[in-house]
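Notes follow the structure.
By written order: A, B, C and D. Residues from 1 in each chain.
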Amino acid sequence: MNLRNDLPGLKLKNPVMPASGCFSFGKEYASFYDLDKLGAVVLKAATGESRFGNDTPRVAETASGMLNAIGLQNPGVDAIIENELPFLEDFQTPKIANIAGSTVEEYEEVAEKISPHVSAIELNISCPNVKEGGIQFGTDPDLAREVVKAVKHKSRVPVYVKLSPNTSDIKGMAVACEKAGADGLSMINTLTGMQILKDKRKPLLANKTGGLSGPAIKPVAIRMIYEVYPHVSIPIIGMGGIESAEDVLEFLLAGAQAIAVGTANFRNPFVMPEIIENLPHVLESYGFSSVEQAIGGAHDETNASPLYSS
Amino acid sequence: MRLLDVEVIENTRIAASTYEMTVDSRGELAIQKPGQFVHVLVDPPHYLRRPLSIASWTKTTLTFVYKTFGSGTKTLVNKLPGDRINLLGPLGNGFPMPEEERIVLIGGGVGVPPMKGLAQELTRRGKRVSAVLGFRSADDVFYEEELNAYADVTIVTEDGSYGKPGLVTEWVDAGAEVFYACGPNPMLKAVRDAFPIPGFISMEERMGCAIGACFACTMKTFDGGYVNVCKDGPVFPKDKVVLP
Amino acid sequence: MNLRNDLPGLKLKNPVMPASGCFSFGKEYASFYDLDKLGAVVLKAATGESRFGNDTPRVAETASGMLNAIGLQNPGVDAIIENELPFLEDFQTPKIANIAGSTVEEYEEVAEKISPHVSAIELNISCPNVKEGGIQFGTDPDLAREVVKAVKHKSRVPVYVKLSPNTSDIKGMAVACEKAGADGLSMINTLTGMQILKDKRKPLLANKTGGLSGPAIKPVAIRMIYEVYPHVSIPIIGMGGIESAEDVLEFLLAGAQAIAVGTANFRNPFVMPEIIENLPHVLESYGFSSVEQAIGGAHDETNASPLYSS
Amino acid sequence: MRLLDVEVIENTRIAASTYEMTVDSRGELAIQKPGQFVHVLVDPPHYLRRPLSIASWTKTTLTFVYKTFGSGTKTLVNKLPGDRINLLGPLGNGFPMPEEERIVLIGGGVGVPPMKGLAQELTRRGKRVSAVLGFRSADDVFYEEELNAYADVTIVTEDGSYGKPGLVTEWVDAGAEVFYACGPNPMLKAVRDAFPIPGFISMEERMGCAIGACFACTMKTFDGGYVNVCKDGPVFPKDKVVLP
């Protein structure tokens, strides 16, 4: 069974990678299994300076999911390059750096510094733009276009834009990012949610709101990928509630070319190697002889991409 | 650290909405120290695991105590001997062993369980151990006898309905050279402020991964850095972490 | 324990009502309990002409939720007035008509015809505007403002606007609707989602996409209500995954003044009377002596509404 | 129609991924007709109930058969005698009793269970009953003996691995005056087209409420109207509903 799949900058031996922020910089999960089993490794978000992030509580549990408000805690791009990346040099699997910022300039700085050390960049645009009164880059097509253009200009490697689902027009955002030069898309980031403590009469998370992830959001992720797929010619890395090889196939059929697993790692630290092991059997049982064959399979021939018709 | 499906040996109520569960670890959990914990899977639709301190262990068994604060731990209550549960562990650093001879253990509520394993180990090492265990009320008291086997135990209840009244800090052995505390943050703060002697505190924080990968449980340290309670802790020297 | 609470046009003996579309026109649930136990009855969406709706399958199950694509099936406003409303005349509890349309004119027609027969109108703006190329009234503030103004003009009773969560700016939508004359808001409608059948290689729902409801979306509903509450002075009817009296309290604390229960009725047809029975005990156990006391309780004094400070 | 927590009396595998469950209805379910169904709660995170036909019943028990197509019904498999499940029912109209004397029952796969209760009732009324039961393969066959007690049974398997080979339509009693069919839509279509005699078909559709309130299970009728399978059905005269 052929699980291989080539995306811009990424020769994937299989389509399974961790979702940014759920895997830190790899060390912890390396004590459970060989990271080279993974299609790629996606790093925690990097910013220009070190950030402590939000106060705790930073996570809450919800029905079939969770809320998180970590607040992009990270040691800053320089420290990441110096202290975190060396550990990953022993592994052959491609590395993807997730980058974040509060200004276009910060995104540019991080992209310029980290891109020489990784195979691709995942541009997290679900961040408030401080210069624009805090509206998220990811919810305004013009801001998105601007930051994508800028980062493309500075990056030495392909740039995947990670889209926020908190929008009424995911297709418009996707097309805007492709026009601005994105080499690929990552979908979806978390839905903004909240949980309230009835005894304390206040939001549970110190940050009040947090990002909803896990199986609860899978139907939204599938819908958005299915909606975007026919309108872009760049590949989509799909994520949102994936727990099993069956879930992976559902994402491939919707139009994802590779997938990421986030929250499920917290339930089962071995979930990714297990998915990779089961995937050939699952693909076969549904009549597929390769990952590539399944991509976009749920679309009518009419609006299917070359990938599928081929 | 292992991910294991283990068989429930015993699961019994020991105090108000408080249960003690013993599972068959098949000798596959290499527990190094008292104060480590396990991350326990509960039934759907609950999604996250529940961090629970290892109260005591043998080569082939593991015992923890859980209080049903919310709906997730409630799904553990109806597990019968023979049923299986899934746990990840042992996790965290656990309590360091002291040079000192005269030790006081201070536990509050669900901070009491790890004190059992700790008292056991300290006694094994011939230390002189006293323990002050605080509970809300008489119905909440547990592990008095269990601890008595290894320490000179004082039970304290907030409402005075059992043992001594008031706060744990009021009943600590004045001659103790080092303290080990586990309980709610207000208690930890009070203990830290009350006793000039060296001490170690075991902390609680909401967790995602429990292995240091998600940064859910991060706390600021007094030296301007940070620690992840799940991996760098849960036990810290008393002056290391800024308590929220 | 005082569960009473007055909203424009609605004297509620308790804050619990069914969510539109999950209760048809009341007959079926009347065989389980006396509808007068409910704070109000909310009717299935009414359109100008009768609609058959979408082909089946119309529902799919998701983790802690479900997808639905009923397609606004209803006999049309005239038939509803003639054949469905008479049954409800025997009940004293207020009736709320949920109205939908594909054009502003259709909304106006339905509002004008049905408003004399009900206590309030719930304006479902999560419908595609055929004249505007199918973009939803509920995702464009200008279209929303237009339809709200028009319906307010025709309606003899207060108008509650039901907001779609498929937007990046729920606050903007809410404020736009209030400015346009809305007497209240209903939040939230369903999130658009999809499920794909791996064996059939196509979306499960005949309509492809459907609306996600149930506990899975509760964190999004709580967040949106909490976000909107400080910025409007009109009441909010909260909904999204409510299953228990504890959930009701969480919605009240977020800022809802009344709540609706939808999907949970399918799991337990008695869920609403059970919630109403438990609510006093739950409010009391958390230190409240009335529903009103709890409303907005999770907000800082600083941005709390008069309702809460009072 | 009642909502009941009932105790499981028996839950046994009767064919490939097919199980028969009998529960104690405490005489509180007033089942009127064969062909009615119950809406069964399965474990979280599954949210919707599962509609399952009543296969047979007594004053105090109810029996249904479920095949584990997906993960929801799988949560029923590990229910043991004494465990409780929650069900809503009886729901739907059930099969009307015929004037005619010579009746053929046609069941396919999970459409077979309601045929048991129907055959029982028809025999009680002295009708002459034959039954053709279609399955994919030998491993899938169930209820042959059970039906034999009330009808002249022919088993048909698609792959010919048991009983007669091919399709149910090829083995129907030519002299039958009326048919009752339950099974996959393609089978129902074939049956309807094959036999000019009067007939009744029991339909399947995905459901939400199962009481007529959510319009999940709505089907177009040939007269231009619509029906809700859960409330107006699941049984309809053969020419009533437009099969998808």
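The criterion applied here is as follows: a contact is a pair of C-beta atoms (placed from the backbone, for glycine too) under 8 Å apart; a residue touches a chain by one contact, two chains touch by 3 or more.
Quick caveat: nothing in here was measured; it's all calculated off a predicted structure.
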item: Chains touching both subunit B and subunit D; value: A, C
item: Distance between the centres, which are taken as Cα means, of subunit B and subunit A, whole angstrom; value: 36
item: Computed distance of Cα centres, subunit C from subunit B, in Å; value: 46
item: Between subunit C and subunit A, distance of the C-alpha-averaged centres to the nearest whole Å; value: 33
item: Per-residue multi-chain contacts in subunit A, two or more chains; value: 62-65, 214-215
item: Residue list for subunit B, restricted to those that touch at least two other chains; value: 44-45
item: Chain contact graph, described as a line, ring, star, complete graph or other shape; value: complete
item: Parts of subunit D lying in touch with subunit C, wherever the complex brings them together; value: 1, 3, 41, 44-49, 72, 88, 205-220, 226, 231, 244
item: Contacting residues of subunit A [partner subunit B, same complex]; value: 21-24, 27-29, 31-32, 44, 52-53, 55-66, 68, 70, 73, 214-215, 263, 265-270
item: Subunit D to subunit B touching residues, read off their complex; value: 43-45
item: Subunit D-facing residues of subunit A, complex; value: 63-64, 215
item: Of subunit A, residues touching subunit C in the complex; value: 62-65, 67, 136, 139, 164, 166-169, 191-196, 198-199, 201-203, 208-210, 212, 214-220, 222-223, 226-227, 241, 246, 249-250, 253-254, 286, 297-298
